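What follows is a group of structures, each given as structure tokens.
After this come two complexes, each holding subunit A, first together with subunit B and then together with subunit C.
For the complex of A and B:
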């Protein structure tokens, strides 16, 4: 088992390295214009240079802060909405079409509306992040609650728990792995929404820094920032996955 | 219980009476077992006694008060399914309900440690249920009920998923618990030998809609243990239970018990 896992990991690393090496060769051979794509080694250099710049680090901090706040709000709202939908089957049936087609809706079109309502700055960006991130938590919470053994509900009643305590002490812990899976997904959605919002109208954040580099023809810096962002997201997802595996093992 | 009945209504179907006309008096400090054919409404009756389900007709009185739809103080329930919380340690599982009743930390600790010791789980206090066997997890659930010091303990086929040896040993522990706590115990089981060994009286239920067709007294002493199975009276009780249950089981299976058996 461990041997198979090691082999899979080796194949994965080999595939990524092969892709990077091929891209390096193509760029070094001059097959692609440097204004269109730079070699991975150049991206890496640009990334290191960008990360040494305090202004860029501040942008990363701002973006990360917006993502964290959006994810936290989405988690709270998503869990509450999930509990409500699970407790009220009629409401759930009414919302099912919206839930099924939520991510097919052009939610980003709401961004100007949010700017009108919330003004410019971080608030509409966080609001967009929340709008994108909440549904994955709702879906995961409802799915998790569906799988809570019926006997746990009975135990809560025998212990004479209030509905709030039943949710807090029994239902949410019972489906914590599923909820955490939804929160992990919501981090990705929040990143997409926050970066895209920063692309459009913000005067700060890593999304704005990438667009600024693009507009001023700093191709290497742009790719360096994209690489840094990609590595940050991979790192966060990897941490979340490990944590989720841990709570799944504890709760299995 | 007086004239207890429970009907389940489903759209476009005939109303389904799970129980009808259930009359029974349980004495204080008694160990009472309930047996009956599959689907006769044993678990529904248990839910009604516990207050988890309201009867459609009739009434259940516990300590002079009518039980209906909410679990009264003084009743503890152990379910057939594994109801231990996998995210909590054994200690925290057992302490679960005590924090809700506002006991002090020292009192909670003393009660939990006693219950863990009593159920032979002291060495596993920091373990989590997935690390334990099925029998140990069921003991965690019994300990969680025990710490609340219920005056009536309801057990819904708590040993159904366990092997025969573990069931016998768990039965002995249950008898010890019953003797030492002075609680009244109602045990639902599908095992005739378990009912005959553990109970003071065994109520035999009919096929659906379930009601008691006979209550058989075992006349064991309060100090009994699993060795009563070698008592000649044990065979008589078990035979009597089976003779009553056989007809009801055939009826529950839709068989005409009066027809001659095929050659």
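For the complex of A and C:
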């Protein structure tokens, strides 16, 4: 088992390296114009140059902050809405079409409305993040609550817990792994929404920095920024996945 | 059964009424200039459906979406079958599909524009990029969770590779493929629309951005409503199909 795992890891590294090498060769040989695609080594250089620039770092910080706040708000709202939907099966079934079609909608088109309500700046961006991130927490919470054993509800009744205490002390801890799964998905959705709003509509943040580089023909800088952002997202995702694996192992 | 269905429809109608009431209340609270009222939005949508320019945008988006959806679905299933049936290929390439799913794909759009140029090809490619990885991951996952007896039967019957794929593998992973169809339906639509919102000269996404630019909120809301009705109807139909397939 350990042997095959080591072998697949070797394959993975090998395919990446050969892909990068091929890209490097194509670019160095001048097969593509440097305004279209730059060599990986140039991308890396541009990334390091961009990360040395305090203004770019500030953009990164701003975007990360927006994502964190949006995820936190979405977690609270999503768990509350999930508890509510699970307690009212008729409401839940009526909501199904809305849940099913939710992620097809370009909801960040509501940005102008949000600007009117919340003002210019980071708040409407955070709001679009919350709008996108909440639904995955709701879905995960409802699915988690479905799997809570019936005896837990009975115990809560025997102990005469209030509905609030039942939720806080019994239900939420019982489906914590599912809820956490939903929250870690919602980080991804918050990222997508925040970056997309910055990209299309805002004038700050890393999404805007990428568009700005594209519009001003700074191709190397654009690729560098995309690379930095992709690395950041992959890092966050693998961290969350490791943490989730650990808590679900503890639970079982 | 029939009674149940009628009650469910009634619940949906009731919920829609509540949501419309909330919308109405919000729009009168912050002003119809910023958030048009429901009736105003429906009126604009009906008026737009008579406008040949809007119909041109609508058909541009529909065409790009249809092509992107077919490519994402077909490519995703083929890729998923390939990665799912080979342990080495799966372990080597699937992590990259997960990376592709996770990163905000808008950031890749300038790269796609540079590779495919301005035009329909770029937004189709962007739609495919949204849908394909998820379909491939779900299909591959479906194959991996199959009981090993299927492979054994195929070997015992000495099936050729092609008939193994057509007669055993594909039917066995049909539930996963239908589930992937529903997700692909949404993701690809979002991909095509976002593609149109940035650097495009036609389509609903472009109209959306143009309307945001001139503060034409009734048109913005009318487009969102239209997309919502389309996505809702499509997803509900696919959901019903998935339920029926499960039996």
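Operating definition for what follows: the second predicted complex is superposed on the first by the 249 of 252 C-alpha atoms of A that agree within 3 Å, B and C clash if a C-alpha of one lies under 4 Å from a C-alpha of the other, contacts with A are read in each partner's own complex, and residues count from 1 in each chain.
Assume a contact is a pair of C-beta atoms (placed from the backbone, for glycine too) under 8 Å apart; a residue touches a chain by one contact, two chains touch by 3 or more.
Worth saying up front: this structure is predicted, and the values here are computed from it rather than measured.
Student: Which of the two partners, first being subunit B and second being subunit C, lies in contact with A:161: first, second, both, or neither?
Tutor: After superposition on chain A, A:161 lies in contact with subunit B alone.
Student: Where does A:152 make contact in the superposed view: on subunit B (first), on subunit C (second), on both, or on neither?
Tutor: Only subunit B; A:152 stays clear of subunit C.
Student: Touch check for A:229: first (subunit B), second (subunit C), both, or neither?
Tutor: In the superposed model, A:229 contacts subunit C only, not subunit B.
Student: Applying the document's definition of touch, where does A:35 land relative to subunit B and subunit C: first, second, both, or neither?
Tutor: In the superposition, A:35 touches subunit C alone.
Student: Could you let me know whether more residues of subunit A are touched by subunit B or by subunit C?
Tutor: Partner with more touched residues of subunit A: C.
Student: Classify the contacts of A:176 with the two partner chains as first (subunit B alone), second (subunit C alone), both, or neither.
Tutor: Once the two structures are laid over each other on A, A:176 reaches subunit B alone.
Student: Which holds for A:54: it touches subunit B only (first), subunit C only (second), both, or neither?
Tutor: neither
Student: Taking the superposition as given, does A:91 touch the first partner, subunit B, the second, subunit C, both, or neither?
Tutor: In the superposition, A:91 touches subunit C alone.
Student: Where does A:111 make contact in the superposed view: on subunit B (first), on subunit C (second), on both, or on neither?
Tutor: It touches subunit C, and subunit B stays clear.
Student: Any idea which subunit C residues touch subunit A in the complex?
Tutor: Contact set of subunit C toward subunit A: 7-8, 11-12, 14-15, 30-31, 34-35, 87-88, 91-93, 95, 98-99, 102-111, 113-115, 182, 185-187, 189-190, 193-194, 197-198, 205, 208-209, 212, 215, 217, 220, 223-224, 227-228, 231-232, 234-236, 239.
Student: Quick check: in the complex, which residue numbers of subunit B touch subunit A?
Tutor: For subunit B paired with subunit A, touching residues are 47, 50, 52, 70-71, 73, 75-77, 79, 81-83, 85-88, 96-97, 100, 128, 130.
Student: So in the complex, which bits of subunit A are touching subunit C?
Tutor: Residues in contact with subunit C: 4, 7-8, 11-12, 15, 35-37, 90-91, 93-98, 100-107, 109-113, 116-117, 188, 191-192, 195-196, 199-201, 207, 210-211, 214, 219, 222-223, 225-226, 229-230, 233-234, 237.
Student: Can you name the residues of subunit A that touch subunit B in the complex?
Tutor: Spelled out, the residues of subunit A in touch with subunit B are 149-152, 154-155, 157-161, 165, 169-170, 173-174, 176, 247, 250-252.
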